[in-house]
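What follows is a group of structures, each given as structure tokens.
Across the two complexes that follow, subunit A remains constant while its partner is subunit B and subsequently subunit C.
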Partner chain A sequence: MSGESFQLIYIIGLLVIAYWVGSYREKRHYQSIIKREYELNRLPAVNLKTPPEGNFQHELVMGNVTISVDYFKRFLAALHAFFGGRVTSYETLLDRARREALLRMKAVASEKQALLVLNVKYETVSIFKGAGKNIGSVEVLAYGTALMAARNNAQVS
Partner chain B sequence: MHKYHNPQPPEGINTSQTHPLWVFVKLFVAIVIVLTAVAWLLGQSGAWLAARVPYAQEARLAERYLSDSVEKNSNSQGKKHPMQGYLESLVSRLAPHMQLPKGMRIQVHYEAEPVENAYATLGGHIFMYKGLLAKLPNENSLAMLLAHEMAHVKLRHPIQATAQSLAISTGIKYLLGFSNMDLLGNAGLYTQLHFSRTMESAADEQGLQAVYKVYGTVNGASDLFVTLQQLRDSDGSDDEVPFFSTHPLDVQRIESLATLATRQQWNTTLKTTPLPARFGEWLSQ
Partner chain C sequence: MKITNLETIPGKTIIKHLGLVQGSSVRAKHAGRDLLSSIKNLFGGELTSYTELLQESREEAMQRMIQQAEAANANAILNVRFSTSSITQGAAEIYVYGTAVVLE
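Moving on, here comes the complex of A and B:
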């Protein structure tokens, strides 16, 4: 078998494995995200900066996640980069990363028995160490100010 | 708390609903079409430009990149290999009948390696390997092999094929965003040139004409292709016999050369010339 044939089979093999494993893991991740979003829906996280009236304790809460893009998505993104347009292969990656980061932030706030998370913001970083223009992994940090009931048991209205 | 709430957003609003495999197929087919068209255009332009490079310039380029392999094989311990001398004498007999352009010098090099190959490359250098020579049945077929390679040189095929390869690889790499390109650093490029089938057919025709003029017959010339066909059949793989890689099918070559001989009314029946008596001995040295 010539070197070129071996290289072609190697790339096709990687694409097939990456697509199969990547799709399976993405599906599982989305199922987990939807389930936890439903569970944590009782804790609002908003981007308003003004706290409601009342007496609260407040604390910075954050959640971050780093998700790597699989070989298939990277290959597809390279094709997208050639022709332009929506890089659809990265849309699910960023969607999952933002929702997961927010969920982790909410989980931290929930442990602190927060009533509300204010001033929620995202920071997104592409981690591509040495990979040129390719996006290797993406890190998303979600942070906000958690409001907890003060000792006098204040209510948010 | 009723003032603040996060409704569950509907799924799929931030992601594409098109199946990724369908997107992949569409983009892949599109890029293959684009790259093929670009490669063809680059290859044609490269070959067109290369054919206009003066031969002296090509020879200088060849000296720069082929000097190592030429020195290694053309002269061992100051004494010329008898096979080398024989091949040079054949070249001297064929050259006057090939209408080589002024200043074009053919330099044949005998390679005592069991590779079933022979090739012409930049600067008029022709490399003949022991492995292929050992399989040839008569001098006519050997002369055909040499004349075929000499015709490649005469028609400037090596520089055209080199420029074609360079233009395609450079263009495609540039298009795909590779920045670290070593344009002329790959010496292997010049020893593994791929000539198109059109080039091969042209070299066959000019080679046959020269063989006819030297021997007065084309009988035995097609034995070269019979031998190559046998080698192909016995190996069962093109990889093992590099000479075959881009050449037209041997049966087609034999047929087209027979047609040419008939059209030109060239003799096809005269007895073939045997190889020198010590040919086998030279091969084993």
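Moving on, here comes the complex of A and C:
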């Protein structure tokens, strides 16, 4: 009897801690995403394939990130899966991962003094897939072709 | 070696198509790092070790693709695509492919 109640307390405690830590970290992450998105707004990333006229250097750039949801949200998602409807905890997870991956790609491109990133593609994969209780980590890769102004013709060749 | 995920490079003509080149890499983290990640997994947030793992693995796959293109005497790889699939827990396969061409 006491063993069972201990287990229950343990699970509830874990849920409460995971909720606090998880939502605090999510809030911090969103603040940092919004701040960096504002800073990198000057560098457009589009999924058009045709480059503009002119002499440019091309280079493949990419950014990736692996993010997991906390234990509390995973618990919520399990409830959602039972009753159906929107699974908001996973929506925010994927939103954060995509925006973060795009930002990292843009950061790489802006270091190379790129003017534009063309043909941006996303690639998503769940990392802990098949591990039962561990579902809830995704890796997102964003990649594209950065266009840099060619310095001189000899260098481009 | 020029690598791009566009289908053409403006101002350059493709002289010769050399076909598909590809590279793949399957990697897993050792158990210690995996354990740490599963603890982090409880509280959410970024799993840095996995981000690094996949980045390294992607670079290796690209190196293999470039080697293949060099062997075929190509000087550019166009329309590069990445593809990732999780095989088992903690292991992922990275596959990268593109078209090797000779540009003038």
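One rule holds in what follows: the second predicted complex is superposed on the first by the 145 of 157 C-alpha atoms of A that agree within 3 Å, B and C clash if a C-alpha of one lies under 4 Å from a C-alpha of the other, contacts with A are read in each partner's own complex, and residues count from 1 in each chain.
Heads up, the rule we're going with is that contacts are C-beta pairs under 8 Å (C-beta built on N, C-alpha and C of every residue); 3 or more make two chains touch, one makes a residue touch a chain.
Remember, predicted model here, so these are calculated numbers, not experimental data.
Q: With subunit A superposed, do subunit B and subunit C clash or fit?
A: The answer is fit.
Q: Kindly classify A:114 by the partners it touches after superposition: subunit B alone (first), subunit C alone (second), both, or neither?
A: Neither: A:114 stays clear of subunit B and subunit C.
Q: Under the stated touch criterion, which partner chain does A:29 make contact with: subunit B (first), subunit C (second), both, or neither?
A: Only subunit C is touched by A:29; subunit B is not.
Q: In the superposed model, which partner reaches more residues of subunit A, subunit B or subunit C?
A: So, of the two partners, C touches more residues of subunit A.
Q: Would you check which partner chain A:103 touches, where first means subunit B only, second means subunit C only, and both and neither mean what they say?
A: It touches nothing on subunit B or subunit C.
Q: Contact-wise, after the overlay, does A:125 reach subunit B, subunit C, both or neither (first, second, both, neither)?
A: So A:125 only meets subunit C here.
Q: Considering only the touch criterion stated at the top, classify A:145 as touching first (subunit B), second (subunit C), both, or neither.
A: second
Q: Does subunit B (first) or subunit C (second) touch A:77, or do both, or does neither?
A: Touch status of A:77: no partner.
Q: Using only C-alpha centres after the superposition, what angle do subunit B and subunit C make about subunit A, to the nearest 10 degrees?
A: Value: 110 degrees, nearest 10.
Q: In whole Å, what is the nearest CA distance you get between subunit B and subunit C after the fit?
A: It comes out at 15 Å between the closest C-alpha atoms.
Q: On subunit A, which stretch or stretches are contacted by subunit B in one complex as well as by subunit C in the other?
A: Overlap of subunit B and subunit C footprints on subunit A: residues 73.
Q: Quick one: in the complex, what on subunit A touches subunit C?
A: 14, 17-18, 21-22, 25-26, 29, 49, 51, 53, 55-56, 58-60, 62, 64-71, 73, 100, 118-119, 121, 123, 125-131, 134, 136-137, 139, 141, 143-145
Q: Mind pulling up the subunit B residues that touch subunit A in the complex?
A: Residue positions touching the partner: 1, 3-6, 8, 11, 14-16, 18, 20-21, 23-24, 27-28, 30-31, 34, 176-177, 239.
Q: Which of the residues in subunit A end up touching subunit B in this complex?
A: 2, 19, 23, 30, 34, 37-38, 41, 44-46, 48, 52, 72-73, 75-76, 79-80, 82-83, 86, 88-89, 91-92, 94-95, 115-116, 132-133, 156-157
Q: Quick check on the complex: what are the subunit C residues that touch subunit A?
A: Its residues touching subunit A are 2-7, 9-11, 38, 40-48, 50-51, 54-55, 58, 80-86, 88-90, 92.
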